[in-house]
Every structure is written in structure tokens, then in C-alpha cells.
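In what comes next, chain A is part of two complexes: it sits with chain B in the first one and with chain C in the second one.
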Partner chain A sequence: MLFIHQTTCISPQQTFPEKDINLEYLYESSDNKLKARDPGYENIPANQLRKMGKSVRLGMGAALPLIPKDPKGIIIGTANAGMEESIEFMKQIIDHNEGILSPGTFVQSTPNTIASQISLYSGNKGYNITHVHAGMAFENALLDTAMLIKENPLNTYLVGGVDEIGTKNHNIDRLQSWYKKELVSNIHLYEADSPGSIAGEGAAMFLVNGNKTNAMARFKALTTLYSEDEDIVAGRMQWFLDDQLRTGENIDLLLTGENGDDRLLKFFSACESIMDNETTVARFKHMCGEYPTASSFALWIACQVLTNQALPQHMIKKGSIKKEYKNLLIYNNYKGMQHSFMLVSKIS
Partner chain B sequence: MNQMNTMETGQLKQQLKEQIIKFLNLTSVTPDNIKDDQPLFGEGEGLGLDSIDSLELIVLLNREYGIIIRDPKEGRKVLVDINTIVAYIEKNRTK
Partner chain C sequence: MSKVFVTGIGMISAIGNTLGENRTSLLQGICGITKTKNLPSRHSGILPFGEIFIDTQTLKEKWKVTDEGVTRTMLLALHASQEAIQDARLSHSQLIANDTALVNATTVGGICLMDEFFRDVNKESNGSPYLSSYEMASVTRYLRSLYKINGIVNTINTACSSSANAIMYGARLIRNGLASRVIAGGVDSLSKFTINGFNSLHLLSTEICTPFDANRKGLNLGEAAAFLILENEEELKGKKLYAELTGYGNSNDAFHPSSLSREGDGPYLAMGGALASAGLDKKEIGFINAHGTGTENNDEVESRAMLRLFGDPPPFSSTKSNTGHTLGASGAIEAAYSILNLTHQEIYAGLHFKQPIPGTGLRPVTTTQRISLQHTMSNSFGFGGNCTSLIFSKA
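This part shows the complex of A and B:
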């Protein structure tokens, strides 16, 4: 268990900076992509900014407002950060016959560039690690953080999830039919009766520790599994709820990563069928698009809902807006194989 | 003849400025913003380039002009400003 004290999020919606957050208005996708809204990055020196790849900019931009709290460690989950630069660097090797190569793309060609750049910029010499387990990257970053906090409850850590829409990665995923062939707007994402989703990107950061005082949300538990069987996934969800909820406790909001891919609907239907009629079901992928660490955006949304006790109407799939949200369950699914459940609750 | 050489040097300076902007992703700079004698490195009057940029410039000179700078001391004399780089290109270029 850990307590979330502060969050930031750069996404395709108006989520950054904190004073300008507006979740009611929905920015539309273009060409089946939901690209992150560029906040201008005024806090990053221009000479550093020009050398950063997109995912590094997203991660640094989201992390900087939280850095003054001087976390004891920086833990980042990312599936593809640095991949664009890595491919560009390998292309140079071929194009220039292993001759003199540009160092810029090499420096940025590994996923841990985000965590290390945050560390270099802030002078943070604490624990610094990057988790890269595709659709479980952010979940593993959280698990790592939870273990650190279990050992040192008073330590504060920066944990986040970052991914970008890279040209090469997008093409590979599109050819594997993870993105829709026909043009679909995010506003009508869930009406599309076809395989694939729309691409997304973003960075969400969280300052966490084991101290309940002044926290905005309690991250109670997390479970992950690999499966292509919806009954196994629903069974894990039932076990998770039985294990975590006390007698009389309910899930007020189930926040799912339904993404418009008709091949994956069976998982969401199976999980929703476990919920009682009192549980409101909401979705978030029409806001951020599909990417491996989209669950970090979901956790950021959960913190917003718990803090403000408000849920935008466009997110609701089933049920109604409630007067009070106490327990939120996030169910995310990446490529019909990697599943995660995160239980987040209001500070009582 | 002198006039032609001057014009060629001027064209080369313009081309080099455009290449530097592209190679180093200097998005807020145009060729007109870079003076021929403006120091490339250091803050203040300089363009603010750093050690990673110097490696990028060495790659640029190799790819665009066929020049290989092997000696760091030589590099420090060449990579001063547009004038010094262009003079070195005119003397040593292989393409």
C-alpha cells in the first residue's frame, strides 16, 4: 500500500499544468492518433530541450513540478521510450557503413534516458530505475515503489509512466492490426465495430510515500496477469476484490481501458458482469488513446475523481454520476494479453 | 576571381549555418541569427553549444564535406565560429 500525495499528467487532453485541468472538454484525435498536448516546457532550458526526444520531453515536463519535493528515488515505467532514437541510430550505422555516428540519438536510445535525465537535471542521486515490461511497465514501476515504501514508509518516491507515438513503432503496431484501418474519431471510439484502437501517448507522474497525512489517494493494491482467457481474467478480478475489500465495502467506480477494439470486448464484458448494479462503469482510452503505459493515465484520472469527487459525463459507460466515490477499481488490458487491476481509494 | 571566391565563401557560410541548425535542432535560430564571428560555444555572446554538440559538428563535417578531425587540439581551433569552420572546410574538404 502507498499514499499518493501529488500528481501531474501531460496527455492529449487538458491535464497540464494543474491549474488548467479541464476534463469535461474532449480534444479530438487526428488520423487515428491522440497526440499529447505540448505544454511548451518553459522550465526546461532550450539547449537541453532541443536534444530531447519526445518521450524524454513528456517525462521531464511532467516530472519537473514534482522534483522540488526531493524524492528519494525516481522509478519510471515505459515500454518504448528511446525506441525512436534507437532505430534512428541503427539506421545511421547502416547508412554510414559503421562510420562516424551522431551521438545525440545514441545518448537517447535507451528507455532509462527519461529517469536519468530527470535525475541529472534535478541532481537527484537516489534510487533510479526504469521498468520496461510492455503493457506492464507502469504496473511494475508501482510494484517496485510499493516494495521500497514497505521498507521505508517515510521515504517519498517519484513514480511515473511515459510513452510516445513513435513513427516506427506505430507502423509496426498498425501492421499488426492494433490500430484501426478506418478513420475513427476518439469521440466515437466505442461505437466502432472493428479491430484495433487509436494510438495515444502521455506521461503521468506521482509523488508517493507511506504517510497518510495530506495524501490525495490511497493506492491499496495491484495485481497483474497474462492471459487470453476472459474467464481467467474475470476470476482474478473476483479473487482480487474478495481479498482486498472488507465486508460491506463496494467498488463505486470501475474504470476500464476499453479501447474500441472489438476483439477485446469479451474481457471488459466479463469483468463488468462481476460488478453489482451500484457500480458505475467508466472508460478512459477515448481521452488518452492506446499505449503501453496508459494505465498511468488511468491512475491519474482516479486521483482526480477521488480528489474532486467528480466524473466527466463522457467517460461513463454504465450507471450514473455518484455523490461520493470511495473505492475505484482500474482494469487495464494491453493487446488482449497483459491485464492489470489497481485498487485506489479515498482517504478517510 | 576574388569576387567569385568571396561569393562561394558566402554561399558556404550560409549552407553551413543551415546544416548546423538542422543537425543540432536549433529550432529557435535562423541562419541570419548566427554571425560569422559569433562563438559557437559558451553562454552569453555565444550560441550556447556544448560538448555533445561539438561531436555532432564533427559528424557533420565528415558527412557533408568528407573531413575527419582526429586531433582534439585541432578540433578546438576549428570549431570556434563560422569563419574558422568555413576556412577549414575550404582547405580540407574532399567532397
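This part shows the complex of A and C:
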């Protein structure tokens, strides 16, 4: 589908800037939240930085190192960007009884602010779009980008996933019991025998095109489905592997979005059970927490594993550290309904 | 790449509850913008709006919806998508097939229930039945589960160009072989949130909007939903064809978060990109359904961009003078009107225009007339500089 040439990631772990990446050390959650580690944002003028909501800040911060490559379009997946600003504006409406209001938060309340701010900052007049379909927002952004590359084989694009923990919108998911009631550290996330996960956030950006030369990873294929039935989900995974892997090829690493929610374990068990003993199973949500576009963090991790041929011990659920990682399968699950499989491979 | 045809249309707006009613209103020059008193807002009765005069409870009863968490936005989307699906005669087995996709757009989503949302945001426990209805994807999730869609499902939000991008994304899914048929469109209902937002920017006119008029005073918000059924050329056996979707262009103006650049680079590039993708010369466009919101900034910039690209622009007008600006639905509503122009070989009078903008001198079409048309263009521009143009061609 496409080749990944450069990536950046601002997350709750030490992932930014590139020279300081350290995936072995695990930063701990506090109050059931894994908050992104804000870097210094040296390239964004202070007066602009102050006006930015968190999603825009994370997205801009992650995108800026990739902008000099002059991508022909900006494709962002985000479920919740602007939600915090929306709530701030609602408060103004209510407090002032629909009187004279300041428009700043309203203008920033629309989720396309991340993509449009990146384009405004870099003077990019190319293709620009924002996909907001919850747990499939980043997957649709990737699919869009894959189509763009097929349509324009010589172009390079910037594609990313961004979401934030809003101080208030977090409450809507909490009321629906998507977060744990008891205090759980990310270090012990998978041991908890209870519903819900811990909240997370971050921004991961990818510079992609159709050119294999000097690429860090190959994004081979993507499939998405909607189901509450684990057998249907595992069946899709089997179909996907049969469709994509050639005889003799194997998945070296299955990277899953297991998130400590005991209601969702059945999906991960079903998917793991169709892998053979050759496949190591690893998890990533104790690093980034749960959020709709967490699959963008997983794809960033996959690129790290493929380029460095190394996997931190704390990620491993089953199997062992391998000598070589060629084919990685990412399985993510959002709220037990939206599922995605992404196949990423080493450049041969 | 496969050609993309429009085989079904469904819509509801301030000027009609069906495609047919909308066309009748357009032919009769009906303006659906009124100083309503029904909206739960202080501005109700003072500012004019393009409101749909069917209350939420009546819509629920009409569609036999009993689920408590269903919002007005979901119901308008249900209403319009049902008409589109029936119009294209999609069978149940087609709806649930892996190659049927659903692409929806909205900017308001569940924030049509602003007061409920704000209460839930601040609650310790016992949330309302609407908890899962607030996110942007909620309307699409609702339609997906109703129709049991198994193909690609997406929600797009690029502000006021959202549903033009949804239609473009749907067409590209077909051209790339990722879907054989797509339900694509958008929806927004009037909300205290957007009313106060646009009002805080001084973009709402206290009078009925006058697109492209020298003395225009701003836009009127409206509510609507519209969906197109897009199908690839192999699917067409014996079907009624409204039009072919032949071109699309998407570009960012990269100038300002809430206004367009003086020369209109974004609109110019979007219209030019659509022409290039359709392989058409600018002289071949017979009519433009302009974005034409009635704001000082948009209408002047859009005029300048049309002059820059076309030299002598083709006939154009803005149907926002009939419906108001329906935000996330406007791209799909106006795509549907551009298709009606082609299928019936007619163009509709832009309303409330008196004098051209000094410096551009452009006059929108002000009389409804029969006209020979091969290709029409529909423009949608949004906050954040997100500009998209679509081109439809006679099937």
C-alpha cells in the first residue's frame, strides 16, 4: 500500500524527539491517566503556542520535524480534537446566557484545526482532510493516504493520528465505564480483573510515499470491521493473513491493543489463538493508554521494532525476543466494536 | 479506474422533506429561511434560520425509533438516507455486502444537544441516555448499525466542506476498487452551539441572507441532511442514472482559521483541481452551485477566484438563499441540487440579490430557466481553509 520514510511520536513515553527515544524505560500513569510528555516545542512561536488547544499542540509538535520534506497533502485522523474547546465554548454560552462571546474557542472547536494549522504554518495548499470516525479515524486516514499514493505515485504525504485526554470530555467515557473505577497503574494494567482501561493520548505522524528506496517500513495492508462477536473478528484475521502472506511467510510479532478491560479479553484471546508458536505476542496500551487513535502509536512502535530490530521486554505477553522481525501484525480494538488489522513489514 | 454514477438521492431541508419537494421549492423560488420561534436559543425569533419544521418527536414516530439515545441529527440522517437507498433500490443483501461503504459528514454531531452534553460533562454519576451520542462518529455509527453495513465506514469533518469531502472520499473508494457502492453525504441540525459560535464571529445576518449582493450582511444557519448513492459502472444494469461524478478537487487555503485569502488560492486550486481530475476545460462547465454563504469575505473571495480561473465565469448562484447554510450537510445538499440541474436541464434563481459586489461585478442567476447543461460544479469551503469542489456530468 505504502512505504513509511520518517515518523515522529509525542506520547506518554520517551518518544520525542527522535534522538531521545527510550522505549525500555516506562513512565507511570497517574490517576488512571497516561498524559503525553509535552516537549519544548522550540519551533512554535510562544504566542501561537499559548492559543493552541492540546490536540493542536501535540499534532503540530509531531508534524513539524516532517514538514521540511514538503508533503503534498496532510491527512489527519482524530476523534476528539476540538472537544475540549467545544466544552469551553459551551460554558461561555451558558455563563453569558448567549450574550457577547469571544469567538476564539469556537474557531478552535472544529476537529480539522490540527490539519489546517499544520497547513497554515507550512503554507501547504495541497490535499487536506480530517477523518473523525472514532476508533477508525486513523485507519481511514491511512486508507485515504494509500488511495492518494495510488492516484499520484510520485507524491509524498503526511498522515497522522492525534487525540487528547480532555479534562472534561474524559468524563463522558468514564460515565460509560470505559475507564477503571479503581486506581490502576499502567505497569499493572493487564493484571486488573475489571472493566475499563486507563486514559491515554498522543500524536504520531508518518511521512509516506510509494517509493521503497530508503524506506523504514512497508505498510502492506489494512482491514477494518465492526462486530461484537470474537469469532467473526478472529475469522477476519485469518482471512487477512491467508490473503496477505505468501507460503512460508510468518507473522513474527502480533502487537495487540489489549487494554486491561476484562470485557474485551475474549477478542484478544481469539486472535492470539490462531497464531502459531513462531509468533511473539506483544502489547502497547500500557505505554500510551486507551484513546480512539491509539493504533497510530502502535504503527509508530511497529516502525521502531522493524528499524531497530528490538522489542522492549515489558511489551511481551507471549513468546520470546526474536533475532529478526520481518512481518508485524497490529490488531487494535476500540470499545469492543471497531476492529482493525494492519500488516507492516521490514524492507527486504 | 471505474466510473462513478449517482443512482439515488435523498434529502431533507428547510425547503422540503424529499428530493422532489426540494426541486419544487427551487423551481418556485421558495425561501425556507424564517424567524422561527421553535429553537431552544435566545436568538430564536430574532435571527432568521433555515429550520426544518418537523419536531424531533414527530421524526422519531415517523421512523418508529424508540431508542432513547437517538438525536435529531441521527433522525435527519436516517430520513434522508432512507430515501436515497429506496431511490437507488439497494437491496438488503447489497446493503450488508462487504463492498458497500458508508461515508458520512457532520460538524455538529451530538452537540445538537448542547445543554444535555454540558450537563453530562459535569456529572459525577447517572449520565443521560445520550452519552454515546455526542462524539462526531455517533451519527455514522447509528446508520451503520441500522443498515448493518459491513464495508468501509467513515466520518469526515472539515467544517463547512465536510460532506463534499465525504462524497469525494466515497467516489475514490469506488475508483480504487475498495467499494462497489457507497452511501455518501452529510447532516447537521441547528444547535445553540453553532448559532452562538457563528454569532460570536459576527457572521450571522439579522436579515435573510443575500449571496453575492453588494450589501450582504452575513449568513443564516440552517439544518439539513442529504445522501447520494454512488455506484460503479458495473452495478448499473437498468438503473435510473442521475449523473456521473467526474471530478473533485481538494485544497487548503493556508491563510487564516476562519476567513479566506484575498485572492482565494484555496477556492481557485479546488475548482482547478476538480477540472483537472475530470479532464475538462473550464469552458465546459455550464453552471456553478457556489458556496455563496452571504458573508462579506466568502462571496467576494469566491467571486475573485471564479474570475481568476474562468475569466468569464459560467452562470452561477447560491442555493443558501433558499436553505440557509447547513454546514456539514451543505456540500451534499448542493451536490444534489447540482445533479438536479443536470437531470432536468434547468437552473434555479438565486434569491434576494440586488446589486453586484463592486470590483467583481458578478451577477448570480436570478431567474429560473431551462438551459442545456453537460457539466455542473459545486463549491464548498470551510473554516481551516478546507476547500473542495465537485463536478457532475450528464449521465
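Going forward, the second predicted complex is superposed on the first by the 348 of 348 C-alpha atoms of A that agree within 3 Å, B and C clash if a C-alpha of one lies under 4 Å from a C-alpha of the other, contacts with A are read in each partner's own complex, and residues count from 1 in each chain.
Here is the rule we go by: a contact is a pair of C-beta atoms (placed from the backbone, for glycine too) under 8 Å apart; a residue touches a chain by one contact, two chains touch by 3 or more.
Note that this is a predicted model, so its numbers are computed, not measured.
Chemist: Identify whether chain B and chain C fit side by side or clash on chain A in the overlaid structures.
Modeler: Because the two structures are overlaid on the shared chain, the partners are seen to fit without clashing.
Chemist: Looking at A:298, would you say it contacts chain B, chain C, both, or neither? Reply first, second, both or neither.
Modeler: neither
Chemist: Is A:47 in contact with chain B, with chain C, with both, or with neither (first, second, both, neither)?
Modeler: first
Chemist: Mind checking the angle chain B, chain A, chain C on Cα centres after superposing, to the nearest 10 degrees?
Modeler: For this superposition the angle at chain A equals 70 degrees.
Chemist: Examine A:86 and indicate which partner it touches, taking first as chain B and second as chain C; both and neither are also allowed.
Modeler: Second partner only, chain C.
Chemist: When the two structures are overlaid on chain A, which partner does A:343 contact: first (chain B), second (chain C), both, or neither?
Modeler: The answer is neither, since A:343 touches no partner chain.
Chemist: Per the overlay, which chain contacts more chain A residues, chain B or chain C?
Modeler: C
Chemist: Could you look at A:147 and tell me whether it touches chain B, chain C, both or neither (first, second, both, neither)?
Modeler: Second partner only, chain C.
Chemist: Determine, under the contact definition given at the top, whether A:101 touches first (chain B), second (chain C), both, or neither.
Modeler: Touch status of A:101: both partners.
Chemist: When the two complexes are placed on top of each other via chain A, what is the minimal CA separation of chain B and chain C in Å?
Modeler: So the smallest C-alpha gap separating chain B from chain C comes to 9 Å.
Chemist: Enumerate the residues of chain A that count as touching chain B in its complex and touching chain C in the other.
Modeler: 100-103, 107
Chemist: Across the complex, what residues on chain A touch chain C?
Modeler: Answer in residue numbers: 74, 79-80, 86-87, 89-91, 93-94, 97-98, 100-103, 106-113, 115-117, 119-120, 122-134, 136-137, 140, 143-144, 147, 150-151, 168-169, 171-172, 175-176, 224-226.
Chemist: Where on chain C is chain A touching in the complex?
Modeler: Per the touch definition, chain C meets chain A at residues 41-43, 107, 111, 114-115, 117-118, 120-123, 125, 127, 131-132, 134-137, 140-141, 144-145, 149-150, 152-159, 165, 169, 172-173, 176, 178, 192-193, 196-197, 199-201, 250-258, 265-266, 269, 382-386.
Chemist: Please give the residue numbers of chain B that touch chain A in the complex, ascending.
Modeler: Interface residues on chain B, with respect to chain A: 23-28, 48-50, 52, 55-56, 58-59, 62-63, 68.
Chemist: Could you list, by residue number, the parts of chain A that touch chain B in their complex?
Modeler: Going through chain A, the ones touching chain B are 46-47, 50-51, 96, 99-104, 107.
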